[in-house]
Structures are given as C-alpha cells and as structure tokens.
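Read through the structures below before going on.
There are two complexes below, and they share chain A, which is joined by chain B in the first and by chain C in the second.
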Partner chain A sequence: MSSSAEEDEYEYDYSDEEVGDDDSGMDWNPSAIASENPNAAPTMMYVHQKKGIRILPANELLPEMKRRLKDVTEILDISPAAAAVLLRAHNWSKEQLCEVFYADSEKILKKCGVNHRCNPKLPPKSSDDNCPICYDEMKVGTKMAMPCGHEFCLDCWHDFCVNAIKQEGPSCVYSTCPDASCTECLTEVEVETACPDYLQKFQTFQLRNFVQSNTLTRWCPGIGCERIACAPNASAMEQEGNVAHCDGCCTSFCLICGEEPHAPSGCKDLALWNEKCRNESETANWILANTKSCPKCASRIEKNQGCNHITCQRCKHDFCWICLQEWSTHGANTGGYYKCNKYDSGNSDTADQSDAAKAKRELDRYLHYYKRFHAHSEAQTFAKKQLNETENRMVRLQESSENAKWSDVEFLKTANEQLVECRRVLKYTYVYAYYLNSSAKMQKERFENHQEMLEKFTENLSELSEKPLDQMDRTEVVNTTRVVDRFMKNILQCVDEGMDIHL
Partner chain B sequence: MSTSARRRLLRDFKRLQNDPPSGVTGAPMDTNIMLWQAVIFGPDDTPWEGGTFKLVLEFTEDYPNKAPQVRFLTKMFHPNIYNDGQICLDILQNQWSPIYDISAILTSIQSLLCDPNPASPANSEASRLYNENRREYNRRVREIVEQSWQDDA
Partner chain C sequence: MVGAKNTIYEGEVFKLRIMFPPQYPTVPPSVYFLKGNMPTHEHVYTNGDICLSLLGKDWRPTMSAQSIAVSILSILSSAGSKSLPMDNAQHATNKPGKYQKDWVYHDDRC
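And now, the complex of A and B:
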C-alpha cells in the first residue's frame, strides 16, 4: 500500500498540520496526559470530533495507527519498521515510548530487537557462503539479511516468514531473526521482500495488536464480527458506562473487559466471579441439575419460562423456583415480604470454627449467590428467546382485537426488552453482592432492598408478559414496565453513589 | 518426494556422518526420513556415565522452521523429563531456531542430562531429590543407567 493510496481510501479529514498542532500540545505536556490515562494514548485523534463510543470497521483504525507511527518516526528519527516494533512494546503510546527512550535509548533498542535496525552495520563478509538453514550455496541476489547481518537464502526466508505467520498467528509480529542467538525483530520490511503474498496478513496482525494494546479500543466479541469499538477518550468511555453496542452484529459488550455489560458489578469482580464459577462448576452443576422437584408432591419440574413463580401442574402448589419456599411469602400482590435475595447465614452454626465448617459456610454462601446468578442468567436466555418470538405474538394480539393499531401492541416488545435488560442487571447484582464487603452493613442492606424491589417487579413483569394473549392487560404491562425501569435505574444509581461514599 | 524438509534432513544425516559429534548418534528409519532414532551416551565423570539412552525424533514438513517432537524411549529419571519421555527444553519449544540441526538438538539434550533446569520441573520427584538430596538423586540416576543396559539386551 502506498501512502497516497491510503489518503484516498479513507474519508477522514485529518491533515498533517492539524495533527501536528494538537500533538505538540499533548507531547510536551506529559503531566496533563498522565492525569487522564497514563498507560494508554490519551485520545484517539481522528474520532475526536465525534462524541461517545463508536463502532468502526477494522481498517478505519489504520489511519490512527499510521499517525502514531509517523509521529514516532519523526520524533525519534528512526525507520517506520523500527517505530512499529517500539510502539508495539509500549502499548502504542508515544508518551510511554519517548519517556523510556530518552532515559536509555540503547537499552530500549536492544530490548525490543531494533538495535541494528536503528544502528545498521554491513553484513560480514563470511568465507562460508552457504545458507545456514538449508546449507545451499547463496549467490548474490538470492540472499537477504535483516540489519543484524545474518544472511539466509531467500527461499529459507520465505519459508521462515510463512511459517511464523501461519503457525503463530497474531504473535508472529514478535518473531526474531532466524539465527538462534539473535534478537533482532522481524518486521514488515522483510515480510514484504521474502513473501509479499503474506504482507497484508502480517499488517492485519499488526493492526490487531494495535487494537488490543489500546485501552480505548476493543474488537467486537461477536462471533465472526470484524468491527472495533472505539472511544475518543477515557472520560467519554466512562460516560457511557464503558458499554459499546455493535451495530454490525448487535452485540453489546464492556469496552474494558469485553464481557457482556455487567453493571453494577465491576470488571475485576466479574473476572474473579467467572474464575470462581469455572473452578466450582462441578459442585454447582450437581446442585443445579436442570430440574427440581415440587416441594409438595415431588414431581420433577423443568422450568421453561423466565418467571420464577412456579405452579406445579400436578398439585397446583405455588412456589419460588429459587428457594423452593411457598410463593405466598414472595408475591407482590399479597404484600408478603420478599426475601429470596438475601443470604441468611443465621441458620448455619457459626460457632463451629473448624476448617471444614468454614469451607462449608463459604460454599453455602457462594452457592446462595451462584444459584440466583444462574437463575437470572437462565431467565435472561428465556427472555431473549421470547423477544425473538414477540413479533409473532404482537401480530396475533393485533388481529385478536378490533381496530388495534401496531402502536397499540408495541408495549409487548418494550416490556420484553425491559425484561432482558433487568435479568442481565439482576444477574450481575449477585456478583456485586457476593464481593460486597460484609462490614459495610448499611450499604449492603440498602443494596439488598433495591435488589429485592427490582427482583419483585421483574418477576411481576415476567409473569404478566408471559400470560396467554387473551388475558393480556395492556395497562398493567405498560405500568409495570415503567416501574421496573425505574427500579433498575435506582439500583445502578445506588451502587454508583455507594461507591462514592466508600471512596 | 523431495520437499525442503526432506532435503534438509538428508543433509543433516550426511553432516552427522561426516562430522559426528561425540556422545550422540542418530539415523533416520529405513522407511521414513521424517522419523529418526537416536542414542545419547551418558557423559563421562557424571552419574550418567555409561548409560545408553534411546530417543525418537518426529519431524514435520515445517522442519527446520518448526522443531521436531523428541521423546526418550528409555526410562529416564531427570527433573526436566516427563514420565512418558517428553523433554522440557527451551530450544525444542519457544527458543527453537531454524539454524539448529539434529546434532545440535542431541548435544543440547545431552548437556541437559548433567545440567538440569530446576525451575521447570517435569518430574517433581527427580526435581525434589536433585535440590534436597543429591546423593539419593545420583543413586537413582545410576539405577536408570543400569536399566538402560537391560533395554539393549
């Protein structure tokens, strides 16, 4: 690709002067940068004008990558290939790189494998002119060396590069000279000469590395999706709760960790939780067999809807799927106290301080949260499935009543979307609660109250929206949807504020 | 069929015959140049002295850009050798370079025998004894050396 072709290809209006101006301000004022985000480039220059998180096709990030390469090439007076290697080793942050470079340039050049590239020496005139890899004689014009001077025949260079790109995938960008003791880094210059067919692939891996090591960008985790979420800066990212919505494959994800949006739980807690769930999965699976017995008549029941209010088909007993207690102690309309979300360690004997008893208590505590996390996760899947079928239901509902307009049945879709979101938030409230410091009693109580309310009304909405169409009460569904939305926002706000108090 | 891997293996063989390194031998199977058998002799003046240790090397068409799979056939007792004979050695994994050849592989393994790397244990018992009870470790090695003669019979 020539540089003139690039400029034509991308429709961004960034001119060199503009970039230069803006940059000089950033470059020579490192303290201002450090306050924002010390480990990453503070801003994505060309998405600056657009506010908020954007989703871009992968190749649209090339100009940003090239911009940084160009900057470093000029500032440090090195070749673009060396600049790429150096930037890669420093999270693609010019500021980070310059800092260590000016402290000890020789050390950093050696460490990153570009010492010879930046201080070239001529290949030694060796008497033995056989390729050290295939032992064939090398003639002038059929051999090549990186700036380190280790010569190999072009055929062997070709095989070496192709092998690295094919076998090592994205990490092929870290390949070094074929010579065993040499640490000089392979770059696109050699790939271009040795195997031009693979140059584009190598460059794609380079871009991938750029996206991965940049804290403001992330590949969409959607299967087969080649788009990238991109935030202009750290504060804009935070403003949107670090959540990106891919318009290509409709996946929503956390820009920081790549998981499903997980508020109110933080990325670290979620990672801990996922790790814990992987380790404990066998125990939990055993306990969470897909079916449960009716607490009254013991017939096996499989839950195939989202609502946790179960009515046994055989004995008509109403109970809660999660705790198997009578539903009358949970129901919203009975005014009963819903206390399915709290972990009550009261019944277990806390006096027993043996390791076995402690382990048992810890497992019980984990299972309490995991069961509820899992139940909401399942319910979320159901709600998503139901959402896919909603359109059919809407059509039938419209046909069933006279003079009904499409807008009269849209409430069903809104309710369903609300349900999916609430289940997701509820799911992560249990991750949050599991890691909530038990000494923060007030905060915990307040949080559990909110959680309880959200859970209660979510169950309510779930039940209402799953009703057969002839029993559908539009006003009730619309109202409950609105109420649930409020509770969901409340709990997220409560966590935000709670964290502020904590700090 | 002559591929670059096979050509290179033939040349490795020729080099091994013309310039044999001390203490190791190796040759391809009669029927398959991609499969080699080798013998490493225990270095003199070490507990390994006198041992004859058989190995098998499996190459792919990616050789020499990719290291072969190397495995001991003889039962071993060594901190960096697994029970099934697999070897934990950097040049056979991430430190591989296409300029290494078969004699380089075999001599590296030979020097690994007397110079184990306790930081990456593949046999925890051997590793523990090597660090804590060298006398017992040496005795176990001598046992392995004697066993290696019986394998030959």
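And now, the complex of A and C:
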C-alpha cells in the first residue's frame, strides 16, 4: 500500500488559526503534507489520497472541539456545558450559533434545553422531601438537581444517567431532565456528579457527535477503526472523487459519502444506484413489462406461451392479449382467428401498453448495466482473494527460477493490485454509464470506447496473471499492467473532462 | 381496560399485562395487550405490542403505570377506524413486551 507510514510523524496544529476565523475550516500546516512516496507502486497512485486529507486518531480532534467550546463560552458568556449543548444543536458551527443566538437568545436557549442553565434563578425549593422517582426520603447532601430545580436523590440520578448512556448510546447526549414535563438538557456536569465512572464514555459520545456533524471530517468506515479523515478545507470536501486512505486499517473510502472509492461515478449517482439495487422496485417494473391486467377483474396475467386468446383463470373472462377486447369480437374482421391486428389509439388501454413497453425498455436498460456491474463486482472480490495468495505465488516463483531476487517477482503483486483497481473502476463505470445523460451522445460514445478498451485489457491481464507459474511471462505481464494502468487513467480523465456535460 | 364512552371501542374490555423490570422506574415497564382481549388499532400489533413512544424513548422516571394507562386509553379513544398497523406482518410474530429500543414510532403525537 502506498500510504506511507512516515505520514504519521508529521505534526499538524491548529495554533495558526485565528480566533474568529471561519471555524468550519481547519488549517493544516501546509508543510506537513507528505510528498508522494516515490517507492510506491505506480498502479496505486490514483487511489492515493488527495493532498491534505489527514487520517487522525479520534482523540486528536479533542483540542479542536475544546477550542470551539472555549470560544463560545467566552463570546456568549455561558458555561462550557451549555456551550456544548448549543454547539451540538448547530452543527458545531460558531457562526451559525451566534447568528441565531443574537436574533432571539431566549428562544434558542429554551429550544436547546439550556434556558435555566444560562439564566440561573433560585429554583423554587421543593417542599417535598421525598425523591419523586423512588419516593425515598432525601437527606441534605444526597439530592441533586439540574439548574431547572427538579430534585432527585443521587441514587436515582446515577441510575438515570447510566441507563441513558448504556441504552441510548451516542444519542444519550440529547437526554433531558428525568421530570416528565421538563426539557432541560443533561450535560457532563450532572454525569460527573452522578456517575463519574461513565463521564469518559459520555465525553466520547460528545466527540463522536462533533465528528459526525462536522462537515470536514468523516469516520473511517473500516470495521472497528477509530480513525477520522479530515479534509483541509470546505472546497476539498466538495470535490468529487476525494479518496481517503486510512493507514490504520488499510481501508480506502470516499471522503464525501464514506463508500468505497467509486470513480468515475459520482456520489449522488452511486447513492441512487445502491438504492435502486436495494429496493426491488425493478420487480414492479418487470410485472408491468411482462404482464397485463384482465380487463374485467384486473388480476395480473403473465403470458409466457400460447395464442392471443386468453381466458382469465380467476373470472373466466375471454379476451384478446393484444387489444384486450372481448374475444367474441374476434374472427375474420380482426385478421382471422387467433390473430389480432386491431390497434385503436383512442383506447384507454394503449396508455397501459405504452407504460408497459416503457417499463420493459427501462428494465432491460437497468439489467444491461446491472449484469456488468455485478460481474465486475464479483471479479473484484475474486481478485482481492487472489491478492491475498499472491505472496505465496511470489515465493514459489522466486524459488523456481535461479538467481531471482524478490524485486524480480514483485511484478506479480503489482499486476494483481492493478487488477483489483481496474475491476473496481470498471464496476463503477457502469453506474456512471447508467446515469449518463443520453443526449450527450458524443461523450457517451467516447466513454464507451474507453470502457471497452479497459475491459478488454483488464480481462487480458486477468488471464495472464492467473497462468500457472511455469508459463508466466514476466515482460508480458509487466507490459499489460502498464497498458491497463494507462487505460484506467484515460477513462477517469475522460470523465473528469466531460463532467460538465453530464451535470 | 374498558373502551371509553362515545368512542369506537365503547364497552369493549381489553386485558393488559404490565411487568415492572428490576430497574423500574429508570426503565419503562413492559406493557402489552393479551391475546383474545386486544383492540384492533393502528398502533397495536397483533402480538399485543403497543407502538407508544412513552414505552420507549420518551419514558421518564417520574412517570407511572397510571400515566401509561391514560396514554393507551387516549390512543384508543382518538382512533377513527379499526385497522392494523402498516408493518404488522413484520412484527406480529415477535415475542411481545420487549424493550422498545430503536423503535420508529408511527405517530409521535399520540
């Protein structure tokens, strides 16, 4: 993998960011950006994350979160706990919060559940000395209340907080006062007093919330990975094809949508495509395309063989498959028995027919792309599996030939990595093509030409790299790898240039 | 529970099982209708479960079994027609009375 380990050594700091700067932007030290590793395999260059994207362990974002909290605490003159609640409700954006705060501070404080916390008045002392939850007597020193003044015994507070953190998980930061009619928000102040053991967990959820609502950061989607990808600025986040590569778990992902890198297709198209493949809306289309409703009882009938004379299984109505008129009207005047050349454009059934035809065409189109998408997806999985075994093959190859160095067999790994890359790109070319505007004919032809070439040479490489070791031709594999890499870059470039037409 | 007067459930008698877990009142009690004595209602699954946010995310420790009973009577009384929940088929075979974690409530107004 090309993502170099030395990147970890680079420092980044926030200190050069001025207070009052647009806080949605994070400045990374420009000198900290690693130059591309010259030893990296050329085939992986394209997946190499764009300059400036950083992969950080989760806790390194804590100083940034605290800095924003501190700013808001000072500007609005409120407690840090209240600042956290307010920032959370406004995507952690200082500007967004200040704007609404100065427009109507009381409204926003009430809405977010920090009104009492920011306007401390002596709460009415409850005359009742029994805890409203457990009805046990509360002695001085064993009761606690949030600034809203609803007092409960410490035991009940403990249970309440622990339950919220355990059961609600990340959304426990939105918990409110145990009193049913109170909207005051639970904060780390109460958690610290009631159950200090869980304070760290609560703070982790707070940080998680910060990362999620921050527009410049994304959790690494790798399973169990606790790292975060950060974009250097807002514009980097908006560019399509922003690939981050996590050096912790070796997962590559799109910084914008979190999916596997999906060039040349865009994030929106990919989301649409995934949605389309997930829900079985196509089944409905198939039904429309291949069946017709009985004109009498409306039950769906599929005609898979036989003549045009249909007898509905359900209501025994006899009708013609073509014109949906009663069969008794058929005979010599319709072109003979079991034939029908009647076509009445004024008939309401024609709308159904054209709908059905349209649905069938659309379904065929979808299936055309889906079949190929799926085939490359399978091939990608296979190539990945093969990649795991490559090392063994390399060892065997080295042993089989005399005086072979490790660098002499590395071409095998390079070829295999290239193969995985190409399969992934090819897979998404079909998503791209499916959503390609059909009016951009020139571009489409050009794209399909590139696609065809890439496909051809990928298959070629696939065949070459799977050959038994004794038939392996190093020069041929190396050359094909290079050619395939060229075609892959070509198609991505072609899409980049033609992007305007597509959008 | 008896259906309230002037509602579509007037005079009907329903039976509920209410179980208080050890952590009550930190967590809500488990409440469900018993088979054979349950109403046909948009928010009542045929396994007895009641789709009520008070029994899940909106539960607060200061509430009681009484407040739940009032809420149930209220969702019954506000119903205009007797119909099953839209997603009944997916839920009907589940064991009733489980903690309503991650439930999506059809109608948070009830």
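A few remarks follow.
In the analysis below, the second predicted complex is superposed on the first by the 368 of 503 C-alpha atoms of A that agree within 3 Å, B and C clash if a C-alpha of one lies under 4 Å from a C-alpha of the other, contacts with A are read in each partner's own complex, and residues count from 1 in each chain.
Criterion: contacts are C-beta pairs under 8 Å (C-beta built on N, C-alpha and C of every residue); 3 or more make two chains touch, one makes a residue touch a chain.
The shown structure was predicted, so the numbers you read here are calculated from the model rather than taken from an experiment.
Superposition of the two complexes onto chain A shows a clash between chain B and chain C. Contact with neither chain B nor chain C is seen for A:N392 once the two complexes are overlaid on the shared chain.
In the superposition on chain A, contact is made by A:N163 with both chain B and chain C. Shared-chain residue A:D155: touches chain B; no touch with chain C. Contacts of A:I133 after superposition on the shared chain: both chain B and chain C are touched.
Using the contact criterion defined above for the overlaid structures, shared-chain residue A:A180 touches chain B and also reaches chain C. Judged by the document's definition of touching, chain A residues 132-134, 156, 159-160, 163, 167, 178-180 lie at the interface with chain B and also at the interface with chain C. Against chain B, in their complex, chain A makes its touches with residues 132-135, 155-156, 159-160, 163-164, 167, 178-180.
The touching residues of chain A, counted against chain C in their complex, run 132-134, 152, 156, 159-160, 163, 167-168, 177-180. On the side of chain B, the complex with chain A involves touching residues 4, 7-8, 11, 15, 62, 64-66, 91, 95, 97-100. Every residue of chain C that touches chain A in the complex is listed here, in rising order: 23, 25-27, 57, 60-63, 67, 101.
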